[in-house]
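What follows is a pair of complexes built around chain A, which joins chain B in one and chain C in the other.
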Partner chain A sequence: MHPAGSAAAGTPRQRKWPSKRRIPVSHLGMADPHQLFDDTSSAQSQGYGAQRGPSGLGYPTASASPQAAFLADPVSNMAMAYGSSLAAQGKELVDKNIDRFIPVTKLKYYFAVDTLYVGKKLGLLFFPYLHQDWEVQYQQDTPVAPRFDVNAPDLYIPAMAFITYVLVAGLALGTQDRFSPDLLGLQASSALAWLTLEVLAILLSLYLITVNTDLTTIDLVAFLGYKYVGMIGGILMGLLFGKIGYYLVLGWCCMSIFVFMIRTLRLKILAEAAAEGVPVRGARNQLRMYLTMAVAAAQPLLMYWLTFHLVR
Partner chain B sequence: MAFTLYSLLQAALLCVNAIAVLHEERFLKNNCTVGWGTDQGIGGFGEEPGIKSQLMNLIRSVRTVMRVPLIIVNSIVIVLLLLFG
Partner chain C sequence: MIQPQQPYTGQIFQPTQTFSPTAPQPFYGNSFEDEPPLLEELGINFDHIWQKTLTVLHPLKVADGSIMNETDLAGPMVFCLAFGATLLLAGKIQFGYVYGISAIGCLGMFCLLNLMSMTGVSFGCVASVLGYCLLPMILLSSFAVIFSLQGMIGIILTAGIIGWCSFSASKIFISALAMEGQQLLVAYPCALLYGVFALISVF
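Entry: the complex of A and B
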């Protein structure tokens, strides 16, 4: 990987140069009028100046002369050109194939939020009792972006709430002198493991009950991530006001998340007739109702399980 | 329960192993489940299949798909556990 010229002067600093400078160097061999530093090595100033100009990142001139010979070598020029073309090819390959593993375009929909939406959604998570219309608006067969409809699921709030939960857990442990850095990782890992388990259990139940729903996996992750908001509220109140505050706020948030989940999932899982309040008939609808209730009931349980050990 | 992602992976591997070692003959009889013989006729193509046949389908497909990868993953896990405890 090192060009032949580097074998002569082999300080460790030199070997780092190709990898650091490969990306910014886009035009090789172009004489740059604005050199940042005067090149004092007279013999190799030509080739070195041409290499130095475009990158111009402020490398100190003390290292100029030993590297100048290395960089003016045509073999190293070729090596750098080859390296940069390899990097460009690699980038193209990643860009082409990233969509196969991580659905980037689909994820962008879930992050199309603005401040007003976040505010309204947080209000809805804490007080869903007055909200009347829970339908997601559609625009020619695709759901409207969260920016335009407060009922649409998003991933911004769950992601931020999860990170805040880990930080608040660290804060809570710190105030009780129980903190150590690996505990943060343990909290995050544990919460993620519970989330994964929930998602898998719900997907399995949806498959077994053969529900024809447009509830995608990412939607499900978004809905299940909304409970972190209540958990954060509970822990913060527990830090400020002790156990009484914790239980009060957690109880309130549990009720709110329960109602929120039922009202949201009812539209997605249950058939249209049941969603309008008509009493359910038949075993199929009953199973779906049980599933919705089970999912909604699991939220308060998990909220308690993941936070009670943080508040003493 | 489920304290880390790693323990979740372990649990998942053990569950898939459990599905893979189920005894076929005992499930063909009528004592507990509707038969494995769901190859011929899923009891009405217009209706929804019902939980038991969905479960049978799931178990059968998991066994078919995961047979070879399970051998590989189990061997790797055994070697790693022997080496690193």
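Entry: the complex of A and C
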């Protein structure tokens, strides 16, 4: 084939010899008898020398082919803008639909915390015996954000405590030379599985006993997540001071969590009885009392179960 | 073949104005001399990179909230690679762990900061800040090449460096997202993330 046939850059397969040089702009306009496509670029060829850089999406010689004309000035700009706007539209679609699966605005309420609240809540988790008023304050029918009331549940502490528990468990295993990275994943998933099981069991019991309470699922997850704080304390003490330290601290944290849960859940599950302040005898209230005691008693058991194999 | 002269009409071919590159790019119809310089087109601004690095290195200096307006991932990429390189010098070939932990950590921080702040934050911003604040960790891993970090001095040094990294990161996040009274709350998850990096350097 004629070497100038490389000017017909449309179908490289038909070129017998590879084109070793790019056709400079001035050579366009040659009427090549072997050309397969119409040369429509002659009118616009002046601007093309500069266009190969920015607009070239891999087309080697932007000349004498409809593809180059397709990538002409406003079109290439628009095409790239369209491509990126497609990505942005995809992101918008995800943002709109994620609200159906994860209630983001409701979750934001549980993360509206500040340092003072976290400090007071941690103190409450370790020493709940002196706190008098456990009622959550309301503001026109909606509970006040955790920032303003220490009794409101939040999700920051349980989430951070869970992640810290997994890392401290890895540390404990590491000091006993039993560490491997997949064990971290194993710890995390087993703790998560127990949490899910607990939540489902309590939701089932609440349904069976037909309690009308304003305890939402996220509230429940928050309350059940507070035990990880005690577990972390126990493991750290166990690492520093051995089994004695572990049992002492764990025992203390178990007692505190027990009292904390009883006092908090009493207000949620036994709402009417608690409001009167007098334990009313009746089958319904007794069942609710048993449920509260069962939930509170499950906490120390799970705390022991999830940590005893980490401390030798 | 599409005639290039036919105007595009209708909504479907109208790109929305979301295409906003970091450096202003002129219309491609200009000739060669009017094209922006390569660095500007790539969005790499050395002056800003240097400013952000200085903000990280002076933990007590007050951060300016607007420096995080352009998210630039070139600096953090360099720092991650440098971290992996210093680990390599110490005989630990763990680029995979560094990559995995930084990906998971950035995702976690992104979710947390979006839930905790009033204004949202983009993933690029989170990745950029966390990457810049990895710089002191590179110091730690270069120490680990020469001295072993498993003694008492090593533990104190590690704790200090983790504190430095997380303090800088939380300072930049707080000023960029205007969150008050939450600096320690943001610093704690950063400390967890950098603690994992330190674990890789030490052990």
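As a convention for this text, the second predicted complex is superposed on the first by the 228 of 312 C-alpha atoms of A that agree within 3 Å, B and C clash if a C-alpha of one lies under 4 Å from a C-alpha of the other, contacts with A are read in each partner's own complex, and residues count from 1 in each chain.
In this text, a residue touches a chain if its C-beta (ideal position, glycine included) is under 8 Å from a C-beta of that chain, and two chains touch if they have at least 3 such contacts.
Keep in mind the model is a prediction, meaning the values are calculated, not measured.
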When the two structures are overlaid on chain A, which partner does A:292 contact: first (chain B), second (chain C), both, or neither? neither
Chain A residues touched by each partner, larger count belonging to chain B or chain C: C
Could you look at A:151 and tell me whether it touches chain B, chain C, both or neither (first, second, both, neither)? neither
Going by the contact rule set out at the top, does A:193 touch chain B (first), chain C (second), both, or neither? first
Given the touch rule stated above, what does A:85 touch, chain B (first), chain C (second), both, or neither? second
For A:118 in the superposed arrangement: first (chain B), second (chain C), both or neither? second
In the overlaid three-chain picture, which partner chain does A:107 touch, first (chain B) or second (chain C), both, or neither? second
Would you check which partner chain A:160 touches, where first means chain B only, second means chain C only, and both and neither mean what they say? second
Between chain B (first) and chain C (second), which, if any, makes contact with A:77: first, second, both or neither? second
Quick check for you: in the superposed arrangement, does A:174 touch first (chain B), second (chain C), both or neither? second
Of the residues on chain A, which ones does chain B touch that chain C also touches? none
Which residues of chain A touch chain C in the complex? 47, 49-51, 53-55, 66, 69-70, 72-78, 80-82, 84-85, 88-89, 104, 107-108, 110-116, 118, 156, 159-160, 163-164, 167, 171, 174, 181
Sites on chain B touched by chain A in the complex: 2-8, 48-49, 51, 54-55, 58
The answer for chain A against chain B in the complex is residues 186, 189-190, 192-194, 196-197, 207-210, 284, 287
Would you pull the chain C residues touching chain A in the complex into a rising list? 1-2, 4, 8, 13, 15-16, 18-19, 27-32, 35, 97, 108, 112, 114-116, 180-185, 188-189, 192, 195-196, 199, 203
